[in-house]
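In this document, chain identifiers A, B, C and D correspond to the written order of the chains, with residue numbering beginning at 1 in each.
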Amino acid sequence: MSPEDCVDLYRTMVRIRVFEETVRRYHIAGKAPGLVHLCTGQEAVPAGFISVLRPDDYITIYHRGHGHCIAKGSSLEALLGELLHRRGGVNLGRAGEPHLCDPATNNIGSTGIVGGSVPLAAGAALAAQLRGTDQVSVSFFGDGVLNQGVMFEVLNMAAIWSLPVVFVCEDNRYGEFTESATVTAGERYQDRGAVFGIPSDTLDGMDVLAVREAAEQAVGRARRGEGPSFLVFETYRFTGHHVSDQQEYKDSEEMRAWEARDPIPNYARWLADEGHVDDVAIARIHAEIDDEVEAAAKVADSMPHPGPEDLGTHVFA
Amino acid sequence: MQQTERQISLKAAVIEAIAEEFRRDPETFYIGEDVGVAEGIFKQTQGLHAEFGDRRVIDTPISEAGMFGLTVGAAVAGMRPVVEIMFSDFLTLVMDQLVNHAAKIHYLSGGGFRVPLVLRTAIGVGGVLGSTHSQTLYAWPAHVPGLKLAAPSTPADAKGLMTAAIRDDNPVLYFEDRMTYNLKGPVPEGEHIVELGVADIKRKGSDVTLIAFSRMVHVALEAADALAAKGISAEVVDPRSIVPLDTETLIDSVARTGRAVVIDGGHESYGIGAEVAATVSEGAFDYLDAPVMRIGAPHNPVPCSKPLEAMMVPSADQVVAKVERMYG
Amino acid sequence: MSRMTFAAGMVDAVVARMHDDQTMTLIGSAYLLGPAAEHPALNAVRERYADRVIDEPPISESAVAGLAIGSAMSGCRALAHFGLAAFAVEAWSQFIHEAGVAHHQSGGQITVPAVFVMMHGIMPIEHSQHSRSPYAMLANCPGIQIVLASTPADIKGLMTTALRSDNPTVVMNHPLLMAMEGEVPDGDFSIPFGQAEVRRAGDDVTIVATSHKVHVALEAAETLAADGVSAEVVDPRTIVPLDRAAILSSVRKTGRVVVVDDSPRTCGFGAEIGALVAESAFDDLKAPVVRLSPPDIPIPRGTVAQTPFRTTPEKVVGAVRSVLR
Amino acid sequence: MIDSAQALAIFESMLLIRRFEETVIDLWATVETEGHRHVYIGQEAVGATIMELLREDDLILTTHRNHGHVLARGADPGRALAEILGRADGFNKGRGGSAGLTVRAAGFLATTGQVGGGIGLGIGAAQAQKIRGRGGICVTFFGDGGLEEGIGFEAMNIAALYSQPVLLVCENNSVGVTTGRAQNEWSSSSMAAETLGDIPRALGIATEVVAGESVTDVHEAASRLIGDLREGRAPAFIEMRTRRWPGSRSFNPQLVTGVTDLDGVWDPASVTGEHADWINRYDPVIGYGRDLFRQGRISRSEIVAMNERVCRTVEAAREFALASPLPSAESGLTGTFA
């Protein structure tokens, strides 16, 4: 990776974090109603993984998916507009967070159904395989999906047909308010992919370079026609399941330990150690991104709400 | 020039439509359980694997939810799959992907993504296949905005509707009553399209309108014959597609005749028959000489028993009796 | 009588049955009240019968349904709460192919005393994948009783009946009902299935309404009364079995019908009532039956965008005026 | 070693299943009847042995291939056959048929035509057994396709989490079948897992793979795992691998191996013809008969007498079933609700 690329990775993570803080602000102000799920703390996975993808590669995401949209290149205005339910939103302000998708970036999107988007990613991979393109499809999902039957069915099919798909489980230890370990049998989550002969691994999801390296291998395998991979990234959400969640079910010791692994300052230290940035550069990056997101927010907040004429369009193509 | 009309079976007509579209459009593929080398449990994919091969006629594990969801993903990526769910009973297994994903992706993406797929499935009672392989579950998806539904009654309609369904940019559910598979009739050669949402008057009449779907069209035609013998002229209307429903043709016919019976192979309660009866009762209110009647399957599971399952299929006798009651 | 919320009325019935029926399993108890409320008696049940309570099962809806149905088939009653009806669709096969057919197909040998609870309707601000009222789909398949309660007393009485029934029962509750308060009979209290309740008597028009829409209809009736229109509000309370006689007898009196509920229009609850009335009360009908239901469009997210999907008293008044014309 | 009384009971049960299934095939060829049926030929050792190890209060879930399970559990063959033929005196009043044959009194809760559906119900039955707390268990039988449905996976996860006393018996009768390519086989069914047992093992479930033709092997593994279940070490999974019987045809089995000739037990040389290899190596009835005969636990005359007894039972069942009327058309309209 060139120094510029290394710094870009940092920018992406910071952009995601600042964006999430902005969303939180608007939510608290009542402008982004509904349940809002932030990925603060988990930025390394979308930033690191998607940095190795091409624009024509497909992704599917889940309810904690703002970061993936940003990393895949969605317009911040349109993204925020959607979360503010505006007509200028990336989905005309009707999808809101649970259905965020972006056809312009081949982001098939999020779903309100646990595990619902996983087969869609495999389907896009099948399309790539049938067409003979070397596109890759990546499905991002949370640990709660591990217990959905459809996940299991799709892993089997991806293995049988050697589909160019990467399954990325973002294990943030909690499915909503329930500790995942209490509802997920077996010793290691990765075994659920390994039983089908799918190369499977568990990695540090707080280390953006480790994520990127694993992504390069898995995406490379898929692009070369060598079939699917199943990766579990251990990560942690610093926020609640949604913004209003008080997180009483979490242990404060545990929270402190994970906060010490915050991917952003740790990566900043690494960049400094490598000589790619100094304190001034870091400060400048933060200031630029603050301005960028603030400008996007102004545009988004000025967009009109959809009206009755927007209700019945696009039921059918 | 003398033209002999070619007669082929409904099953052959559906396969012909698929094969013709597959030749025309390389972005199409067929996916389902036992549809490849085995050519389907009813031989309803005969010849497709031989012509189009493993890559375009794909056998899946017995994993309906995953397999269907995967097909939705391929459609979102722009392909035009035909996905087979062996029996409409198994729609229960794909409900999430169908209702929460396939039906909504176009709308919720703000029109950016389309889901051009055909879900082909078998309905109907017969052959003693029991309660979980005999249902006619088309009222379920009809309830979900974003899905289109077709149900052919004749070989020609079967070909035309399938062609239209494959070319449609929306998820279209295509229901075939497996007891009509061997029904023969004239079918145009080459491109033949029956637009979704256009009903067909299968028999002209003036005294009563019989609105029937799929195989029930033939029950209605049989009843119309019997009624003719009694001096009652019955018009038989086949909506051909359930969504969109050609309400104009239905209401127009009932406004002319003043009487209507809806015949539906699914369960009567909360079914398609209820929808049509309510629509017609509202739309032709001022013209009705008698209440709109419904005939559907009774409210019990389909028994795995030859004599008992016969009770689950509306008969021409029942239709005649209902019509006679209107005059009684 | 005690004053309590709808949610508490339901939990009252569940708690009583958990004490009385030592073989009953309660699955998904965490969803019974919603996140905000507390119910000491429910907490006591959770602690005392820890072996029979699964607070939060894995996100595996079809297997959770199987768990409840299999237990019920074995003679141990089970109640499973799925959270939202939108999630329960993943268990549809288990509902209709196992629970719904078992008694009939086994020739009466097997019963399925299982209750499936879920929320239906537009979740506050939530979107289409979380906001569904799919009860008419289940009603189209034989073998499953369906409860749509509208008051705290009714949910207690109907839940008690469901938990004594030998048949599988789906109970769908609307989120806006959960905090609604009302008088609830103390002690053992049950309401038989298939008995509609006339919530308000009237002569000019029959409004058939279910669940939360009963209250919307009552509000509309109030407005109409001020204008001299006397509306009768009929609440079926269970749609399978359906009290056809009560609906028809009201229609015979008024000659006009508006159906108000949350299921989508096409093949919905309104279609069944419309067809029933059109066929069996034909001679008494003075105007076409009007169905007031959300449009056949996926429900978008956001309060503003959802406006057209919410059935308000004003819309009911408008529909009544259209049948009076 | 299995004690002699139990061994003979298992053998007689296997022979009963075999003669019964031969009769089913014959009836389809000779009497007007409709619908499909799946027979248990080649898998008798599994059902007969496991049922012998169960208690009266144990519960069972099974599939379309259920005849052997029902008979081995002691259900009346006459009423079972009547049900298979759709007659009024069948266990389910003729409504269930071959694929839906369910006998509650014998512990069967459901015989489901939904692939994998029984695995979901089985964890519920196990939950009921836990509540009752009397050491009862649930046995869920399913085919090798059963694991392809997601519900099987969801249910195994729950069973593992809550240590539910369920024995998952996967009857893999596809050994030796090249799925999708062999004649008369469906082309779909496929799993990427190297052995099916890898899947439950990934969930921490105790797993065994057993040669399903061998009563001894089935008995050894099943009795150990059932003992574990009753003591709370649960759940458990067994893959019973059996070699596909050559007469197996989807929906329409054919007696290509002929009516089983017990001479093969004491006179292996009498087994000839196209399918001699299957009979000699994989036919569980002949195989176990040979074991018992060699061990001196049963004599030739005792086998002949047992066979006559079994044939009389099946003949009586056949007469009973054929004498039973078809149900009246209206009878199917009742009983949707209890």
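Couple of notes before you dig in:
By definition in this document, contacts are C-beta pairs under 8 Å (C-beta built on N, C-alpha and C of every residue); 3 or more make two chains touch, one makes a residue touch a chain.
These figures come from a predicted structure and were not determined experimentally.
Looking at B-D alongside A-D, one finds more C-beta pairs in contact between the chains of B-D. Greatest centre-to-centre distance from chain C is found for D, with centres as Cα means.
If you average the CA atoms of chain A and of chain C, the two centres end up 37 Å from each other.
Computed centre separation for the pair chain A/chain D is 48 angstrom, with centres defined by C-alpha atoms.
Per-chain Cα centroids separate chain C from chain D by 41 Å. Along chain C, residues 57-58, 60, 62-63, 86, 90, 93, 97, 104-105, 127-129, 142-143, 295-298, 300 each make contact with two or more other chains. In chain B, the residues that touch at least two other chains are 60-61, 63, 65-66, 93, 96, 100, 104, 107-108, 130-132, 145-146, 299-301, 303-304.
Shared interface positions of chain A, i.e. residues touching 2 or more other chains, are given as 93-95, 99, 111-113, 116, 147-150, 152-153, 156, 160, 183-184, 315. Taken as a contact graph, with one node per protein chain and an edge wherever two chains touch, the assembly is complete, since every chain touches every other chain.
Within the complex formed with chain B, the residues of chain C that make contact are 86, 89-90, 92-93, 95-97, 100-101, 104-105, 127-129, 132, 134, 136-137, 139-143, 240, 263-264, 266-276, 278-280, 282, 287-291, 295-298, 300.
Of all residues in chain D, only 148-154, 156-157, 160-161, 190-194, 198-199, 201-205 touch chain A in the complex they form.
Against chain C, in their complex, chain A makes its touches with residues 33-35, 85, 93-99, 111-116, 144-145, 147-149, 175, 177-178, 183-184, 305-306, 308, 310-312, 315. Interface residues of chain A facing chain B in the complex, by the touch rule stated above, are 58, 60, 89-95, 99, 101-104, 108-109, 111-113, 116-128, 130-131, 137, 149-150, 152-154, 156-157, 160-161, 313-317. Contact residues on chain B toward chain C in their complex (touch as defined above): 65, 89-90, 92-93, 95-96, 99-100, 103-104, 107-108, 130-132, 135, 137, 139-140, 142-146, 243, 266-267, 269-275, 277-279, 281-283, 285, 288, 290-294, 299-301, 303-304.
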